[in-house]
Amino acid sequence: MIKVTIFNEYAHERLKEDVKAIYPKGIHGQLASFLADDDIEVRTTTLFNEDGSFVPECGLTEEVLKDTDVIIWWGHCHHNDVPDEVADRVVNQILCGMGAIFLHSGHHSKPFKKLMGTTCNLLWRDDEKERLWNINPAHPIMAGIGDYIDLPEEEMYGERFEIPTPDDVLMIGTYGSHEVFRSACTWQRVNGKIFYFQPGHETYPTYHNPEIQRIIKNGVRWAAPTYRAEKLICPHFEKLPF
Amino acid sequence: MIKVTIFNEYAHERLKEDVKAIYPKGIHGQLASFLADDDIEVRTTTLFNEDGSFVPECGLTEEVLKDTDVIIWWGHCHHNDVPDEVADRVVNQILCGMGAIFLHSGHHSKPFKKLMGTTCNLLWRDDEKERLWNINPAHPIMAGIGDYIDLPEEEMYGERFEIPTPDDVLMIGTYGSHEVFRSACTWQRVNGKIFYFQPGHETYPTYHNPEIQRIIKNGVRWAAPTYRAEKLICPHFEKLPF
Amino acid sequence: MIKVTIFNEYAHERLKEDVKAIYPKGIHGQLASFLADDDIEVRTTTLFNEDGSFVPECGLTEEVLKDTDVIIWWGHCHHNDVPDEVADRVVNQILCGMGAIFLHSGHHSKPFKKLMGTTCNLLWRDDEKERLWNINPAHPIMAGIGDYIDLPEEEMYGERFEIPTPDDVLMIGTYGSHEVFRSACTWQRVNGKIFYFQPGHETYPTYHNPEIQRIIKNGVRWAAPTYRAEKLICPHFEKLPF
Amino acid sequence: MIKVTIFNEYAHERLKEDVKAIYPKGIHGQLASFLADDDIEVRTTTLFNEDGSFVPECGLTEEVLKDTDVIIWWGHCHHNDVPDEVADRVVNQILCGMGAIFLHSGHHSKPFKKLMGTTCNLLWRDDEKERLWNINPAHPIMAGIGDYIDLPEEEMYGERFEIPTPDDVLMIGTYGSHEVFRSACTWQRVNGKIFYFQPGHETYPTYHNPEIQRIIKNGVRWAAPTYRAEKLICPHFEKLPF
């Protein structure tokens, strides 16, 4: 059983009618609805409660994280409201082996930026049709996906995306306006597998798209750890016999 | 002094008036004209003589190759007319340390395919406007190049490009028809630095474009070796004292 | 069910008593004995028949290869007796998606060298104790393996190993004589996953070691394809609507 | 002219007689003495003044960093005394394009850990002979270096080194006690080239070794930028005509 914890900012869906109409249960609720499966158990947490107050520690206590195989992260305008201590805790568990999927505007979240060690800047603009080309159909995350996916509307994210060279680039997106973007990228950091996936602006029904759903679900199975360290240390090491 | 040898198929420019009008001295002649510089010495050779007979050994004897720091390769419809022995000789010198730049349809040349170990297939179609995005301005090959380059007409080369993951992807191209392509890629193979650069279909004046010229010239300086092995061996190795 | 085909040269075990004593069923027989499992079905083939005649096409017909998920390759002194046509067929199926594990002296086999595009040379010498350090415990191939493995006797393979930079280096080996070696490396080539694993000289009982067995079995599960192309082509591509 | 700024902690050389005997001008002084050249201009700064007081801002003001092409960093026991603000400023300039060389125990410095996004832990123990194998003689940083380098005494740093997979591994070290280590590694982060080089414990005369000196000097020339951004931004991007 893969234990997934979905973290969502949960601001737009509470406050904007158009977003609420698309995601009435919140983006976390929508992600949970298609991820739950025989081998996947899902829990969700948010930055904000329904009433706009903060969820203590974002619901991401040490105990929750240690009981999580893969974390999924969606955030946008409130990255700085995630306490540093929580972000560091998430990063530490990923380095120990917890898998992680960062969606869309999560490129600027604290944990993602700390893991990448770079700015993770990009070009952006609202409202474009996007075509996502599958450049690695043999990667487990692309299982079942054809040569390309079309999204009728998506926010434009364009290169230069200021990230470390990914271990694998799985999709390159392009738009009506002819920008390009490395839209699906993976990295390993110490023991944790990390998947960044660009689609998912809150004003479009991207997470209702079955192909997008399939990719995220494949991502969960790919990111689930086969090894996890209790903690990471820098030990004085006694000589071994040889 | 960097010694460059340009190899060109030299078929289209001899046989088609429209190509000859663009490259009256041949593609090799045009490349030579902008590459020669205080630190770069250029020689050219071709598959075909002016009269359509074959140049012996493509002009790429062991002696010429050992006296070459960087080889540039342009070929299209006559890859199979390059003898295996010549292709193997070129590959061997690249592995020893000679730099190599493969241009455009050189993606299907014998030496490139042998070095990559893959099919190097792609999607293709004539006649598209192309925009090439610079995704690594800090790479020496991109020195002096801005955020993107526009080519009014170029052949469409699209993903999936069946190559090994490049060490660095420098440019991603896109077209009016919204395909995408990793247009500028580098690899190291044993001691040789390899640069593949997509633009340069024979029916368009791509090698007259100053930005394209700058990239190729930067490529020459980047690919020039700092080390070159006489030959490569798999030696029985005596125990060293420690 | 993962269908594994083991190819073994089968020369030493027939001809040398000391090797036959270690591997009475041949190296292929020993590999098969520990790989077969609920999810793994194994067939074996060899270069030589029991009587020293050649097995037609090494038993690696198009039909066998298309029915193989992962091929395992052990060869040493008779690489050149594998017909080019068979080697090319194996390479082609790997590029289409068949997984591949090359063991020990398979570094100089025709398919491995063609896939790498390099010489795959190294330093070598008989008879050393080896310690293999696990530098990526989180990779699926390292599941269940501790910080290091000791092999009381193994052939020394030392750097510089003339391979393309691996996607992942999983183990670095060292010896009594203080050479070092990237002993467990992975690459993807088009759709095929490739794992090279250094231990396994025929005169030592390496494939009786449970940790070595575990790594090879993990390798099979890792290399099994999630996608496989029927064939690889370079298509003229009609404009898509956007 | 390449402008180098050497930052050294400068604690051991002031306080311990045995270290002072090896580096009477400080490690920064020793590095400066062999780096200065026709094309390299060197300035030094330290964490501590001669009297043990702190140098304001480590001498690494915005002005100094913007006037630096390559920074070299040596620190050991006082990483936490480098203010976060200074570390962030250094990281930012590296991402903009400043080159960086982190030496030895600089693996745990604030800027290096922030750039890597990982713990950068390793195994360690005092006092070992080390042999460093050159696994990439064709890399510019290895120019002029033979198959291996021996250091009669060096601190043992062993794998697993918890770093992101390097772009290039140039040397693998091993010790009398048979640990192994990726001793010379490079990465690019946004526009900055980064070189980590393991040798250089303060109690051994490593920086007096001509081969070690050559590698560091090659590293300076390799890391010097060909492009540098004024600042890094995440811009709203207006549609371009196509």
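Of note:
Letters A, B, C and D name the chains as they come in the text, with residue numbers starting at 1 for each one.
Everything that follows uses one rule, which is that a residue touches a chain if its C-beta (ideal position, glycine included) is under 8 Å from a C-beta of that chain, and two chains touch if they have at least 3 such contacts.
What you are looking at is a predicted structure, and each value in this text was computed from that prediction instead of being measured.
In terms of the stated touch criterion, the partners common to chain A and chain B are C, D, listed by label.
Between the chain pairs A-D and C-D, more C-beta pairs are in contact across A-D. In this assembly, the chain whose C-alpha centre lies farthest from chain B is A. Measuring from the averaged C-alpha position of chain B to that of chain D gives a distance of 35 Å. Centre-to-centre, using mean CA coordinates, chain A is 33 Å away from chain D. Averaging C-alpha coordinates per chain places the centre of chain C 38 Å away from that of chain D.
Shared interface positions of chain C, defined as residues touching 2 or more other chains, are 131, 137, 158, 165, 167-168, 178-179, 188, 190, 242. On the side of chain C, the complex with chain D involves touching residues 131, 133-137, 147, 158-161, 165, 168-169, 172-174, 178-180, 182. Against chain C, in their complex, chain A makes its touches with residues 97, 129, 131, 136-140, 142-143, 167-168, 176, 188, 190-193, 225-229, 242. Those residues of chain B that touch chain C in the complex are listed here as 91, 95, 108, 114-119, 121-125, 156, 158, 162, 164-165, 167, 177-179, 187-190, 232-240, 242.
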